[in-house]
Structure formats: structure tokens, C-alpha cells
Amino acid sequence: MRISNGDRAKILVQALPYIQTHAGRTVVVKYGGSAMTDGALKDAVMSDIVLMQLVGIRVVLVHGGGREISAVLGRLGIESRFVGGLRYTGPESIGVVQMVLAGKVNKDLVRLLERHGGRAVGLCGLDDGMLKARRRREPPDLGFVGEITSVNPAALDNATRNGYVPVVAPIAGGEDGQVYNINADVAASRIAAELKAEKLILMTDVRGLLRDKDDESTLIPVVNVSDVPRLRKQGVVTGGMIPKVACCVDAVRRGVGRAHIIDGRIPHSILVELFSDEGIGTMFR
Amino acid sequence: MRISNGDRAKILVQALPYIQTHAGRTVVVKYGGSAMTDGALKDAVMSDIVLMQLVGIRVVLVHGGGREISAVLGRLGIESRFVGGLRYTGPESIGVVQMVLAGKVNKDLVRLLERHGGRAVGLCGLDDGMLKARRRREPPDLGFVGEITSVNPAALDNATRNGYVPVVAPIAGGEDGQVYNINADVAASRIAAELKAEKLILMTDVRGLLRDKDDESTLIPVVNVSDVPRLRKQGVVTGGMIPKVACCVDAVRRGVGRAHIIDGRIPHSILVELFSDEGIGTMFR
Amino acid sequence: MRISNGDRAKILVQALPYIQTHAGRTVVVKYGGSAMTDGALKDAVMSDIVLMQLVGIRVVLVHGGGREISAVLGRLGIESRFVGGLRYTGPESIGVVQMVLAGKVNKDLVRLLERHGGRAVGLCGLDDGMLKARRRREPPDLGFVGEITSVNPAALDNATRNGYVPVVAPIAGGEDGQVYNINADVAASRIAAELKAEKLILMTDVRGLLRDKDDESTLIPVVNVSDVPRLRKQGVVTGGMIPKVACCVDAVRRGVGRAHIIDGRIPHSILVELFSDEGIGTMFR
Amino acid sequence: MRISNGDRAKILVQALPYIQTHAGRTVVVKYGGSAMTDGALKDAVMSDIVLMQLVGIRVVLVHGGGREISAVLGRLGIESRFVGGLRYTGPESIGVVQMVLAGKVNKDLVRLLERHGGRAVGLCGLDDGMLKARRRREPPDLGFVGEITSVNPAALDNATRNGYVPVVAPIAGGEDGQVYNINADVAASRIAAELKAEKLILMTDVRGLLRDKDDESTLIPVVNVSDVPRLRKQGVVTGGMIPKVACCVDAVRRGVGRAHIIDGRIPHSILVELFSDEGIGTMFR
Amino acid sequence: MRISNGDRAKILVQALPYIQTHAGRTVVVKYGGSAMTDGALKDAVMSDIVLMQLVGIRVVLVHGGGREISAVLGRLGIESRFVGGLRYTGPESIGVVQMVLAGKVNKDLVRLLERHGGRAVGLCGLDDGMLKARRRREPPDLGFVGEITSVNPAALDNATRNGYVPVVAPIAGGEDGQVYNINADVAASRIAAELKAEKLILMTDVRGLLRDKDDESTLIPVVNVSDVPRLRKQGVVTGGMIPKVACCVDAVRRGVGRAHIIDGRIPHSILVELFSDEGIGTMFR
Amino acid sequence: MRISNGDRAKILVQALPYIQTHAGRTVVVKYGGSAMTDGALKDAVMSDIVLMQLVGIRVVLVHGGGREISAVLGRLGIESRFVGGLRYTGPESIGVVQMVLAGKVNKDLVRLLERHGGRAVGLCGLDDGMLKARRRREPPDLGFVGEITSVNPAALDNATRNGYVPVVAPIAGGEDGQVYNINADVAASRIAAELKAEKLILMTDVRGLLRDKDDESTLIPVVNVSDVPRLRKQGVVTGGMIPKVACCVDAVRRGVGRAHIIDGRIPHSILVELFSDEGIGTMFR
């Protein structure tokens, strides 16, 4: 792409109305999938976050880290066990999960944001008791995987008010003194709800919700949360999309303006979502 | 230009380091020439200003209005008289100058900024005694054209702190009770100095300072203020460029970071100046 | 009047309870009529405003300028046309109205207040979108004379909070992009209502509401707004008093504490109204 | 005096420039003499104080109370002993002095100010360790009469910032645990110095400094502090005026703008001093 | 008691949960009885107050002073008259009461707190019109003993917000211009209610409420306010305990968290109440 | 120890002067050694920290974690290598060091403080670029062990101002993009210097500096930093004490009030240091 400085300026100006819409609002981004493993995509996401911060958007970045957890567990000779596609977190794993998420993935992201000119602090659900959880009650049993019982937004509010992007590792403390592993989509959804965010953005490795999951041209751009039960019956929402869609529905029901499932494999997909009319992926409202 | 949303996002991200440099700083723009008369150029400038405001730059817009003054004087049957290229402001004209600048040009700009999503208030040098002047002492005699004796930045500070772009009409009050017409370049330069602005940008109808005034390819991109006397001797700074260059030199000497003479005929020339390495026009430092 | 310093001090002290009543409250003054054309009266009004500001009253000054508009229109060869006593504002006049009110009358008042030791900024309904209007719907057709659709008090609040008297020229922007001429009494009334002012004071060239319009001794000092319909039927409210009384009634109905029609030909009539039990003119409550 | 409302308004306006001069400044008044015993004079002083507070002057009122002290001592059968015109404060008297000044005179003044519409709190030099003292070192021995060693202005600053007139009883704590009686003129002078007051006003029962102490027409309106030694040599400053003049000189030397000895027997003498060109009494600068 | 530094540290740590419970809350202490007359007990109370202030508790200290009042009245030859155990305050006494309480007892306490490292200001109900009262309506007639009609907490709020312990003498101003003597328990109770205090603590010379008033082992540690009528019928609440219990009940009914009657003869009884599970004395809830 | 509530209260009161000395000041604690591994000692330290926070001391807790690092390295089959008693941090270890310190030890401490009623956030030197480092230049080569080049206190200031104890893991970012392992004593020393702390406290497993290292009765309670060279020559400062003493000397030289080497094996040794005259361990000044 060879674009003149004049055309660049014009494009900046065309972003103006979108920036005006979002300035001062809160956007919670769940960061994961390819966007977290591919070097160029990582840089693109970091740039997007820093730009959002600069034009006055309050960004909270919640991340996963399944791949890194599996790698360290592997090196420690602990088998990664999955039940119904979900990680089982046994007593020997939970400490590793905490260590990898809160100590490695989290702080590496903080450093990467800093390298792109952002200001960030790395937190987890244990800081100031931000996330409280108890053992998941629904089957299957996943060991020390928790469900959130309350969210204390004070540390996040302090961070954004002081000009930081808080980067959040999804682990939580239990009333029983146990640490729990929390699904990152769920953590992002509940945090978005607690902060009365304008948007929740889940970065995934799919285009969005597809009417025919093998045909990307059947993307459903907009879904009313009231239509979700029908879409599940019709088999449009299936497999790995079920919990993601549930997070979006839950966020909207709890007062988040819009929830989005976007394709993290596309560079700058967050900005495209924020700064164009068409948006990208599937929006729940 | 047909550019994909992804490429647009990429261009936004490429502006990031420039935005980071300028955020929180003050930029004083002298608005005039073709950029003030051509409809499309006007819209482009307004967009530029609003974008600057949005990314955290404190903008002050100082405007001229010679053409509108001449038009109204003409309709009133008052001849516009020029001495050495400068408007002579007689006792019958000064009231018209005030009325046109502070009442028409100024408030129309405020309205235009609002239509582009900006927040602006229209002030002139009489508000809160912002500009004080006395009759020009250097020849030629230009009637009620004043030279600034002091600048009170309180009303400008209040405006920018409250989120407004102050739009300033260059008229001033005299200790003698007289109103004075002030050259807009000079007013912008002195205001920039008083506000310890990062940049003063003079919008003109020329490319910048040219080594050969008939050959735009001889543009001098950067001038050290200490080299200006030599450039005057060499005949590079002549005619209408003499006072403009003097304003730039004066601003830099009084502590403004950079002063720029840019070509207002090029759309978005302000943004190009702010958001590219090459910049545009001639920079004085 | 030869009064000793001691008696002067005593009089100051006698004003104390009145000052205590008004301190911290907002008073909106519509300035017009003889008080705006006679030099000595002008000085008296300016002194009154500055004194009010000093004892802690938040003053907003809304002004007209019919005479100046007519003068400039005349010099431009545009006939001032009146319909039912109201100025018709044609397409060739509206620009002149804006220019004269916002550029000449307004800024001259700012300067005059400054000369009396006050701090003022000159605004009009276009600044920060303060007054929004649409074309008057009631007959007679008056061209670009508008009726106010909304008032944005932000710029006024910023001004008074920063210690300024905002001086307001009554022109407004329309959603249609048109500028509208607004009756100054109406503008003052609506602004007073939006600011939850304690008082609206309309300066006129009559004593107040007279039971017999040819006999000043029949002044009605106090009117309950609920009695106005009866007074209109009785022919007490007639002619030019009809719109003024309507402004007062409207202001009180919208929450303004008291509305006053006072005689601007009497020096310091505003202070007499504020700082005596008897007051002056007619009070609507 | 029969003065119309219009003339009253004019007189208010004539006070304007004086009010503008003093607004926001601190004035320390030493209250004593006839102004403290005559009912009408008391009311006049209270009104003056409240008016000063209302027009934005920060007032601190320091009072004496010799007459009340003598009365209570008398009722207790303790003889009031004077040495060289100064009260000797013995061990049996100091508790009475504290009780009368801080408990009776002080709180009665607070109540009187409140009745005139002011807001006041009654403090003494013991509150927050405001005044620290040691036993007077110069002869004659006066018992527990102290000289001030330090002034802590925190409680006074808190009071004025919260909108109160602090009323101050002149007693002080010693490092030795003893309470000391402090001359009220001295306390006022040192407090004025610590607060960088614009004015110190000592209310007395004389016209001011007279060239011939038996001829009021020989009042010296202005004294430069550098001329005081000469005036003492000339016998112009004698007797009870010596310590009062010393307080004024000391205050000016420590940075107070002006110090005044005024005649408290004249109603509203404080206002006359503040709000006229001629002032009243003798001014030290 | 010979305790090692390590054991001392352990004891500090054991106080932690209690401190955490009270930090940031308001505690109103009525100070009186032996704790006010015995030197060692006085020092202990002052230390307790300063420690409370330091760990973040907002303390208000209301004091009596019957013994000092009687002493001064005696010296003045005025007989202390009691009606049903309550002081009759005649016209010749009320001034003495004010003087002793507000000028002597109050300021001495301020000085004592300062000597223990605290910061205090001495106020009474006359300051900023804190306590308003009228003559008691219930028999017996007690002269100028008042019942509180309103409490203005502004001066107390200012004091605690600025880091002071306000020390309050219980006298009040009447609408009739009269000063009234107020029972200190009642003043403390009403102030606690107005400040929405967490605790009201009445220091007395008894253990608390005893089932058998001659047997301290029959102390009732906790009383529900709804049980008080029954306790009165049973003769458990009798004599001097009746008004004290009534103050506690009234405080709890008006929103104070807990009210306590504690034994001021025990050193550090306030701290024992605040910083132990068992507490001390009788608690009303 | 069986101590009555009264004696407990007395002990609290005896701590008062020490609390007054430290309130509002900053204390940086390096936490390590036995105090970090023994359960009862851990609880004692946490209580001490929370108590300090509660009485108004700003605490920053810097921790090590050598034992946990060795354990995880061991489980990963990476040998812990030491050079001259210092850990060599190779490319395969640095990621583990970050993960264990910032993810496990750090967040476990945050949780523990919360369980003791404190409010804490877990940070490391990567957050907001708090610690910047480069590879150690002095021999021996220790791999990715860094020396601090700059300290950015913003995140620490935000944390303490918002009422948190910041818990800090000593890793740092390099200008070269590398993460560095930092000695915790050094990190604490430099942070204390940057925050202009009143005290740096290094918790160790020795009594302090001993004249005869085998005889605890030869403890040197106070050392002037100017005497350290002599003590090194005399062989008093040797072995593992050399770097610890160097940290203390460096902190004092950079403006920290006092630096202490204390014995973490003694319960509540921090409180004993803060709240007794004798203190504990060795103080450098």
C-alpha cells in the first residue's frame, strides 16, 4: 500500500465520528487465540489498544493463555486433561496456571504495551480481591475451575483513572482460601458488566457466528440476544460457540451496550470494529 | 481512493507515534487565505481541528478576515485603503473591522466547528482584556492598527481547560480606550508565546519559504531562526514573507517549540504537518 | 447630594441584609432601551453589574441592539421592515444582525464592563451551541426570527464559575444550519429558566405595568402570574407589554424565583430592585 | 438622614472601587475600647465585620476584655493591679482572665456576629497551639503576661477558608505549661504578620496620632514607620500611644501592608477606613 | 507489668481487627465524672482520644464541668441550687456557666490534648450556631437549662475534616437571644445522632447498668433499646441512670450504631470498649 | 502471656508516640528469609504490615523468592547454579524467575495480606516500566541478572495514594528488550531512595551486624555509614553481609532516613523496630 500523506490525513479525519462516539467510554477486550500467538498480529493488537487509550477510550484487556499453560505443564510432566473441551485444573495444576497467567503471560503483555507507547499495569483477580469465585457447580467437574461470585472494580477503576490499561489474568480467590482458574471469556464478560462497559469484544479464531459454519459468507452480522435461544435450536450456535455466545448474552443482559465476537486473525480487527460502520464479526445487542 | 477498512485501521495505527508526541500540548493555528474561502478546504481544516482536539491537543484558532472586511466596507461605500500592502484602518473602518471579525467571521467558524463535532467558543482580544495594544509606532502610519503590548491568557486557559477550542478574532483594546485592528499572524504568534505553545502554524497560500520564489521545488523545509538575517540579505525572504517569517522568528525566540509556514491550499495540511515525519512547508526552530 | 463618609458607611451596612439574600444566586438581566443608549445610564448599569458580581451574585447580561442594527442596515441601504412592531429579518439582514449584535454591541459591552472593573466574556447563542432555534411558527411571518428549541448552559456555567459576567447576544443556530435572530427578552427568559435563576430583570423604558397606562401613579408593584389572563382581559396588559409580560410569566412558570419589569431610565434601577424592600417596577411571582 | 433608594444605590456603587481593592485580602481587626462597651457601637462594628466578610474580605477579629476581667475579678474579691498602666496578672488571676476572655467575651461576640448574619467561630491562642508565649522579659514584671514566641495560623486559615470569621481571645500557652495573658494589640499585630494581612486595624478611643494630643485637628493622617523614632523624640508618641504605635510599626516591618489606629467611638469607622479615600485615624506604612 | 517489646508488638497486632472496624467512623465521647478530676485518669483519657484520632477514628469530645461551675459560683457567693438532682441555672448563674465551661474547662482540655500530641479546637454550642435550644418544657423548672431544638454540624465537620478533635462545651443559643445550659449527656447524644456516629460513649462513675445496683457482678453487658421500658418497670433503671439510659436510647433511635455507659474510673476504659470483644460497661443497641 | 484488657489498652497507648512519629511516612520492607517460609512468622509479618498501613504509614513490600525459584527450576530439570553465592540466571531460567516471582510468590502475598484485612496490589518492575535495568557489569557474570538504571515511582505512588500496599516482585525490563532478575535487597534499596522513604528495612536471618559473628551479644545497634569502610577493613562486615550493608549505605546516601538490618526470625520484629526506643537489629544512618 503506497498512500500519500494527504490521503493518510484524510483517512484519519474519516475516523473522527467513530472516535467521537467512543471517547470516554469503557471497552473490555478478551484477548486470545491466534492474535496472541502470531507475532505480527500481537503487534497489531497492541497498537490498537494504545490507539484506543490515546483517543480517550478506557480499555481493559483480559487475556487467556492456554497454550503457555500446556507448555509449562508439559515441561513439568503434568498432563493437560480436558473434559468436554474444557481444561481440568487439578491440585497440581492450579499453582502452575496462576504462575503462568499472572506471572508470565500477563507481565509480558504489559511490557509489550509499553513498547508500543502504552502505559499498563498487570493485575489478576487476586489483586484487591478483584474476582471472587467458588467451585463450578455445573457438571462436568473441572477441578479448581471457578465460577465468579463477585467483582470488585476498585483496582480497575484506579488503574484507568490514573491513565493505565489494566491487563487482567483470569484467576480468582475463593472464600475457601483456594485459588480458582476462571474462563477468560467469562471473566471479561463479568468485568464488562461491572464496569458498565460500552462494549465487550471477544477475539476468536472464527469470522463470527455463521449460519453455515463451513461457509464464511453466511456470517450473521447482528444478533438480538432475544433471538439466541432460537439460533441454538436451529443449530447455528453449536460447539465452542455456545459458551462464547452465552458470555455475550450475559454481558448485554447485565447492561453492557454491545458484545462482539470478532476474528482475531484479521489484523487490526478491533479498530475495524470500532472505527467503521460495517464493523466486523458478529454483534450482540 | 478505495481503501479497505483494514488498511484504514493500519493508517490510524501509523499515526500513533505522532499523536503520542503532541497529546497534551498546545498548538496555535493562524487560519487564513484560501483555506478560509474555499468550501472544501474549510471543511478539511475544521475536521483537522476537531481531530486534534479529540486526540488531546489543545488548539487555539486565530483567524483573519480581510476579504469579508473589504466586502462589508465596500457595501458601506468605504474604500479599503492599503499602505505598503497593509490595510489602513481609519476611524470609520475600525468599527466595521471589529463587527466583521468578532461578530461574523468568528461566530461562523464556531458554528462550523460545532457542525464537525467540535466544541468551540468565539472570543476576541477584548474579552477579559485578552489583548492590549497601542498604536503602531513604526511607519507607515496605518491608523488604528495596533501593536500588542500584553496578552492575558486567562480566558484562553479557561476555554481549553473546559474542553473548548477558543476561536480568536484579532482585535485589541488600547489603554486609550480605542479598539485596534491587529495583524492575525502577529496575534497568533504572541498568543502562542504566552501559552508556551509547542507549535505555531501559519496557514498561507504559498508552499513555504522557497529559495527561488518561482520554483516550488526549491522549498526550504527547515530554517534555524539564527539563519534568517542571512536569508533576508540573500533575498530569499522578501515581500509578504518578511512579516510572516518575523512572526515565526519572534514566536521561537519567545519560547514556542516550532513555528511553521504551511500551504493552506493543500487539504489537511495541518494534519500532514503534525502526523508525518516529512511535515509540510517550512519549519522554523 | 453631600453625604458624609459615616453616612455612606451606614448606607452600605443597610444594604447588608439584601446582599445576604442574593449572594450565590443567579440573576439574568435583559439590557436594553434607554439604559443602553444614554451614556450616564450605561455607566450606571455597568457599575450595578460589577457591584453585583463583587458581592457574590452570578450575573448574566443579555442585550438587544435594535437601534445599532437599524443604523448599519440603513448605511447598507437595507430597509428595516417591521411587522406588527417586530423586526422582519430577511436573508440579507440576518448576517448584519449577527455581525452587529455579536461583534459590535456585545464586545463593546464587554469592554465597558472591564473599564468599570468587571471581568466579562462576550458570547452569543452560537457559542458551544448555547441557543438552538427554529423558524417562528406563529404568525406574522418575521423571516429569520427564531423560537428557541433548547438552551445549553455549559458555556454560561463555565463563565460564571470562572468569575466572568457572560454577556450574551441573542442569536441562535438552527438545526437547518440557518442563523436566527432571537428576541432578547425571550432569550433572557429562557436562559434564566435553564439556569434556575433567582431573578429575571427586564430593563424597559416604562415604569412597569400600569393600571392606567397614562398614569405612572397606577403602577402595579406585584402581579401573581395566575392573575395575568385577567389583566389581559381588562386591557391592563396591552401592546408592547404583552410579550414582555409573557416572558415574565414563562420564566416564573419554568422555575425562576421572580421576574421583574423595571424602568431602565432611572439610574441604578437594578440595585434599587435588589437592595430595597420596595423594589422598583413590577414584580411577577 | 432621609435618603432615597436611588441615592442609596449610588452610594453603594461609589464603594465599588474600594471593595475591588480589598476583596480576597485579609484584614485583622483589634476590637476594644468604647466600641466594645457601647451597645449601638457594638452593633455597628458587627455590621461592618459581616459586610466585609460578604464582599470577600477575610476578617480576623481579635478582642480584649479588660473591663469584664476587672468586673469578675472584683466580684471574686481579687484586686486588679496595674503596673505602669498594664494589668499585673497574678497566679490567682490568670485563670479568671482565660475564663472571661475565652469563655465569655469571645463567645458573646460569636453570638452577636451570628445575630447580624455572619458566621463565626470563637478561638483562643490555646486552640491548635495558635499562640505560644513565654513570660515577658522586659520590666516591669507583670506576672503571667506573656510575649509571643510563635504563631501557628492553621486554625485561622481553616476558619476563614470555611467561611468563618475567627474571633480570637488573646491568651497563649507556654512551653512551661503555663497559660499567659497577651496584650490584644500585640496578638492582633503578630497574627496579622503571620497571615500576611493587607491591613491591621487597631480600634481605640482616640482620633489617632495627634501632633498636639489635646487638639484633634492636629491629627497626623499618615506616618512612615521610619519616622516613628523622630516622633517619639518629639514627644508626639507618648503614654498609651507608645505600645499601640509599636504594634503598628512591628506589623508593617513584618510585612503587613498598612496598619491603622482608628477611633472606635465613631460609628462604622472600620468601613470609613476601608471604603473612602480619606480614610480615618492614622495610617502607618 | 514488665512486658517485652515482642509481647508489646503482639498486643498491638491483636488490636488490629478492632482498629479496622472503627477506622473512618465517628465516635462521640461524653467526658465527665472522676475521669475528669483525677489527674492520672485524665492523662489516660487524653491518650485514648489521641490514639483513636491517630488510627483514623473521628472523635468528638463533649464535656461537662459541674464541679468547676460550683467552685466558681461558690467563690462568687452564688449558691448552687439543685432541683431533683439537676442544677437550677438562674439569671446570675448562666453567664458563669458559659464562662467556666467554654472558657476554662474547654480550653484546658484542648491544651491537655495538645500536650499528648493531639490536635484540637475548643468549641461550644454558640459557635456557628451549633446548638440551638429553648427553655426546658418539662417540670421541674430549672431556669436557663435548655432543651436542644436543632444541631448544626458544620463546625464539627470542618474540624474533624481538618484533622482536629473538636472539644465541645454544652451551652446553646436560644431563638430568644438567651444562652442556655445544656446537659452534657444530652448534648453528646444529639450531636452523635446528627453526625450519624457509630458510637456514643458516656463516661460515668458506675460500672454500667446493674441488675442489683449494689452488686457490680450483676452488670448487664447488652441491652436492646426495646427492653428499656421493661427494665424501668422492674426498677433496674432508676435514679441518676434514668436520664443516662434515656440519652442512649434516644441516640440509638436516631441512628447511632451503639451507645455505651462505661466506667470512667477504670483507666483506658474507652480503649477497652473499642478494642476488645468483651467491651466494658453496658452497651445499648 | 495472660494480659488484661486494661493492660492491653495501656500498651496501645504506650505505642502512641512511635505511631505519631511514623504516620504519613514511607517505609520500604524487603521481605525474605525465614519470615517468608515459616507459617507463623508469615502471619506475623502480614499483621505487622496491615497495622502499619492502618496507622497511616505508607508501606511498600519488596520480596524475594529464591527457594520457590529453585523448586520450580528443579521440577523443570534446570539446575540452579550459583556463582560466589549468587544465582546465575541463564536464558532458560529467566522466564521461570519472572513467572515464579511475579505470578506465584507475589500474588500469594497479595492474597495473604487481604486475608489479614489489608488492601494490596501485586506489581513487578515491568509494570508501568517501574524498574529499568541492564546486564550487571561487575564480575562475576551472572547471566540475566541486572543492575537497575532507573526507577519510575508512578505506579507505586498511585497504589499507596489509593490505599494499597504495593507488593513488588524484583524483575526489571531492559532497554534491550530482555527481562532481568534483580536482587531484592537492591530493588528495595533503590525504590526506598526514589520514594524518599523514611526507612528501609531488610529482613534477614541474622541478628544484625555482629562484631563477632559467632556471638549475638556483640550486636552493633547503630552504624554511621561513614564508618562502614573501617568495619569492612576490620572484617566485621564480611560474606553475605557485604551486599546487604552496601544496600543500606546506598539507601542512606540517596536520602533514605534510616536503613535497618533486622532479624526476621523474631516474630513482629518490624513492629519492635518501629514502636520501641531500643529498636532491633542494626540501624544505619
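Which chain is which? They are A, B, C, D, E and F, in the order written, and residues in each are numbered from 1.
FYI, a contact is a pair of C-beta atoms (placed from the backbone, for glycine too) under 8 Å apart; a residue touches a chain by one contact, two chains touch by 3 or more.
No experiment lies behind these values; they were computed from the predicted model shown.
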item: Touching chain A and also chain D, the following chains; value: none
item: Listed chain pair E-F, B-C or D-E that repeats interface A-B [over half of contact pairs the same by residue number]; value: E-F
item: Chain of greatest Cα-centre distance to chain E; value: B
item: Residue-number overlap at the chain B/chain C interface, same or different (half cut); value: same
item: Chain A-chain F separation of Cα centroids, rounded to whole Å; value: 36
item: Mean-CA-position distance for chain E and chain C (Å); value: 57
item: Cα-centroid distance, chain B relative to chain E, in whole angstrom; value: 69
item: Overlap residues in chain B, where contacts from two or more other chains coincide; value: none
item: Cyclic chain order when read starting with chain A and heading to chain B; value: A, B, C, D, E, F
item: Chain D-touching residues of chain E, taken from the complex the two chains share; value: 72, 75-76, 95, 98-104, 106-107, 110-111, 114-115, 119-124, 126-129, 154-155, 158, 162, 164, 169, 171, 173, 177, 179
item: Touching residues on chain C, where the partner in the complex is chain D; value: 1, 3, 5-17, 19-20, 23, 44, 47-48, 50-51, 54-56, 116-117, 266-268, 271-272, 275-276, 278, 280
